[in-house]
């Protein structure tokens, strides 16, 4: 990995970018939103093998290989109805991966994996058929070492705080175990209530019942349901959580009267219990609940995140065979200006609320999101997300949001990943791109270098800590 | 301010940009669309103080400060129902502004203000807590001098012509006073009939009544209403106006039969008189009136501008407290290809019509607007507007429109501002960005430098004069 | 034409781009989709004159000139109802073109024409009033020479294969004549069934009748209609075609039951025979037929292309006077994620299907198309199309698709042109832009140069051959 990677080619601008980056490269990593497994840090057991660590669970990788004709089974993904693939040949799967590594040219996966293989495992890069076996063995050998266990890596990676994401139905036992262990690594949860908010979730009625058990509230009544949320939010907060997260199909919000909200909830519960789909009511309920969550955030201080616009499990037959998170979630065009208005009308002027909005629809950056974030005290822009947390995507985010929202209505970087080993590479890429953008502003005499250095520091460290109350 | 600001960093390209820019930097400013106050030039009185001149009325500034937790009152914005803030401490407000000046890093506001403070007032830049008082005093001292009065600055700024924007209900007394004064500065109006076209305007019925008074026409009848427009347009033209301007929520146009248009108008009038909202009729009426305005433009030669796609006064509670233009207008996704078709079907092939269309939705540049402007004789592309009249936004405009529309279906730059002091900075930024874009074409051997120089001259001077008939 | 045209200005990056380009510049041209006239190669007659070759039929040129006030008649376009312009003065038309050549500054037309005039005709560039007559004569003189006949140019241009596009009602006599002639140039057709699929096509009922004659099938019955398609597809394939092409208003697909599809078709036929417009049924039928075409492609192996989102003949009065293809087709905002789902649900996971999707709506690149192509085995991304097959457009395509789809889910370049003389210039521009993009990846240390060189070769040659089965 070249020391100047991701910096602009122009020598003058590159020198500025390098100076800016060197002033922030060693800052601790703030990871306020992601999907790592807290059990890793609770158990601190060694990771199993290169394939189950790096290949099979990474839907950026499996989607690309699938698009080019490989089957998910060949990559170690186990069908829901299938027998566990006891005899799955991980080494053959790794060779298959190596044979197709050229598919990732020009993608962020290539950057992240080169870093994981090169910097973490000190192996050959790029992965290729000629080094596949050697690389496999190197990784396997390292994974057996104590300094490659989760906690050791957490420390080596320089992570100051790492948020995972859990359902209100999760007992947070791993988080409790981490705390009880005396280990000082800061792993916190985030409250992601989609399973008890989205009536289209499979098992929604059962989820409500389970929520009732956990809280002692009557989740069949509107008041009880809201009270149950409040209790679980309080529990999450007590376990370190500082935020909630909402992965709705759209950013639609609503602000119904108390009476209408109650009636809507009762229809939702009746439909759920009868096994009927929610239909239009489901969408309205998700919309109303975003506003309810904002109301609760004003009470308990949890920062609220909305991640809208992903058509989850778009490929139905693949979903039926393999379940979710196999690389078949597809972005949709998303409206924000109309969708968020009911919530913003109600709470947008509240300085005590922090609402962080993300998008998969880059056309909304300059048109809707930056203008909204540049006006509302409650609203902040989440960083480039998912398909866009890549060099080009991160750069477009800055180019298209900064002029209307400034830097200070953004909140630094999220890695948003389940790929623990790639976290430093992702934050490093974001820092480099931010420095590349700032270096251009400096080179074009739009910002003095000392101010750019201050901004670089804030984007990497101060803003995420402040925005997420960490 | 660095002499090379906004030029590309690559030394070869920068040298070309500098040569192009130096050949046009001293050209007079053509400002064919904006919102300065004609009274300034009629009265030629000194501007009051730094805060009421530069901070309070600039909604680019107040929106950003509001988004970061400052109240509008702290910035001098007076609530509609509030008592006038007789004791408002402008110096404290200025210090507040200085303390938050870092928020504007990376925004065009920073560029414009640095220029106003540095080049116009010869004060320290950037504004900072340490120089806030000194800067305040410097500005106050200069504002008291004769060479900082409106007319002197107009001349110093090298403005050849400046258009303001007025309602048909405006008597244009300031414009008349300017003409009567013998001063040679060319200040003209533009006909912005939204208050008598948009049935959703508060006071619409009263506006129609006032229009009847001013014209002696029966504005309760379709024929009389149209005749009233014709008379006011003629009056505006006589007072120097060369254009009309239409700030509708969408670009929707309609081409109803005479009979249907009349019936629609009668429903609009009935609803207005009864105090009912226009609803769907209001939208249809606005659509029809764009086509009527185009028809009149063919008769009287006024250039027609459409500025669609802003959700005005989006933040209702703030609007109710403070009124419009406080930084809470938000862009919306906008359709052009369907919306403009009725008007284009009727008049798009007319060479004698000039219809200049703007957008807040940059995704329409390459998809709809450049292809339309590259075909219809009547249609021209307005420059990057509002949230997008910034370095990145101006550059995206050229990058995304030039290949389908060319340069010659665009009309130069609009500052579109009420911030008089920033006008030279805005035009200068547009010239620099156009030269930066052209320099890249030259450096990439896509255009010879002599042709680029000719284009630079036309974008800065010739095209706006020709398009706006100035 | 400068040897470094279209390469980035930064000297280091330019040197990389030059190396990459020099390694692929001489590769044969693969032109898998376009609109040249096969009669040219069947007859091998000299082209008539500069105007009827280069000006009149090129709707990129006529649209721009029309937008700036020239009439189509002045450019040699003959009105449908008009008498043939026997006395049309081509030399005067050429002078008119030269007098307006500045309008093309910054457009791809300028690049292509400079190449045609300079490299093919060895004439002065740029075209200008001062050299208009000399240039006209030079072109006319060359066109009379044997080495400027279609087949000689085909060979000189280094074209390995060139696909034309024909309706199922076309007897492909020119293609047959080419084959019978013994000439080795590979000219193949592509099956474009819009005239017998789109109920909104003028003459649709007659087209169905003609299809019945050609195939001996009862095209009034659903089974017969489908069988007729199968027969014509087989005939096209036998004549060398490897692909179908579908120019629908939207990408909408449907997957009706056999029974519903049959009922829909019967309504379509009844409406067509009664002269009624198809209305909503027409759109549903086009949608269903895309899925039927995919089903047939799985059987006969033809690669399927969808070119959606153009509002054809948008300018109705011009269409009525001059017919189609005069530069008045306008892009529309296009949905893919919802529109394609029925087809993708049915066939998206088929590795044996190749479905190439194009767009005129660049906002779909990063939001919908790259994510879809980066997942579905059947789906590939067509290159930047029509208004976007320009330097900026080609670059945006790579910048906005590569990170989610990679390079290997794209299919190289299409010239998609009826302007035969510009084909080498168009492919050359695409190769240069791809090398410029790759050079930036190399300069930013995102891809080693040897891998970039491999990708450049694949984009220029291997991928189009493989994707189109050539």
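Order of writing sets the labels: A, B and C. Residues in every chain begin at 1.
One rule holds in what follows: contacts are C-beta pairs under 8 Å (C-beta built on N, C-alpha and C of every residue); 3 or more make two chains touch, one makes a residue touch a chain.
Only a predicted model underlies this, so the values are computations on that prediction, with no experimental measurement involved.
Asks: Over half of the interface residue numbers used by both chain B and chain C, so same, or under half, so different?
Replies: Mostly different residues: under half of the interface numbers shared.
Asks: Chain A and chain C share one sequence, so how far apart are they rotationally when you fit their Cα atoms? Give it in degrees, rounded to a multiple of 5.
Replies: The rotation relating chain A to chain C comes to 120 degrees.
Asks: Mind checking the centre-to-centre distance between chain B and chain C? Centres are C-alpha means, answer in whole Å.
Replies: 40
Asks: So which stretches of chain A touch two or more other chains?
Replies: In chain A, the residues touching two or more other chains are 8, 10, 363.
Asks: Given the complex with chain A, which residues does chain C contribute to the contact?
Replies: Chain C residues touching chain A: 8, 10, 12-13, 335, 337-338, 341, 344-345, 348-349, 351, 363, 366-368, 370-377, 379, 399-400, 402-409, 440-441, 443-448, 451, 454-455.
Asks: Within the complex, which stretch of chain A touches chain C?
Replies: Against chain C, chain A makes touches at 1-2, 4-11, 63-64, 66-69, 102-108, 110-111, 126, 311, 314-318, 327-328, 330-333, 360-363, 387-388, 390-393.
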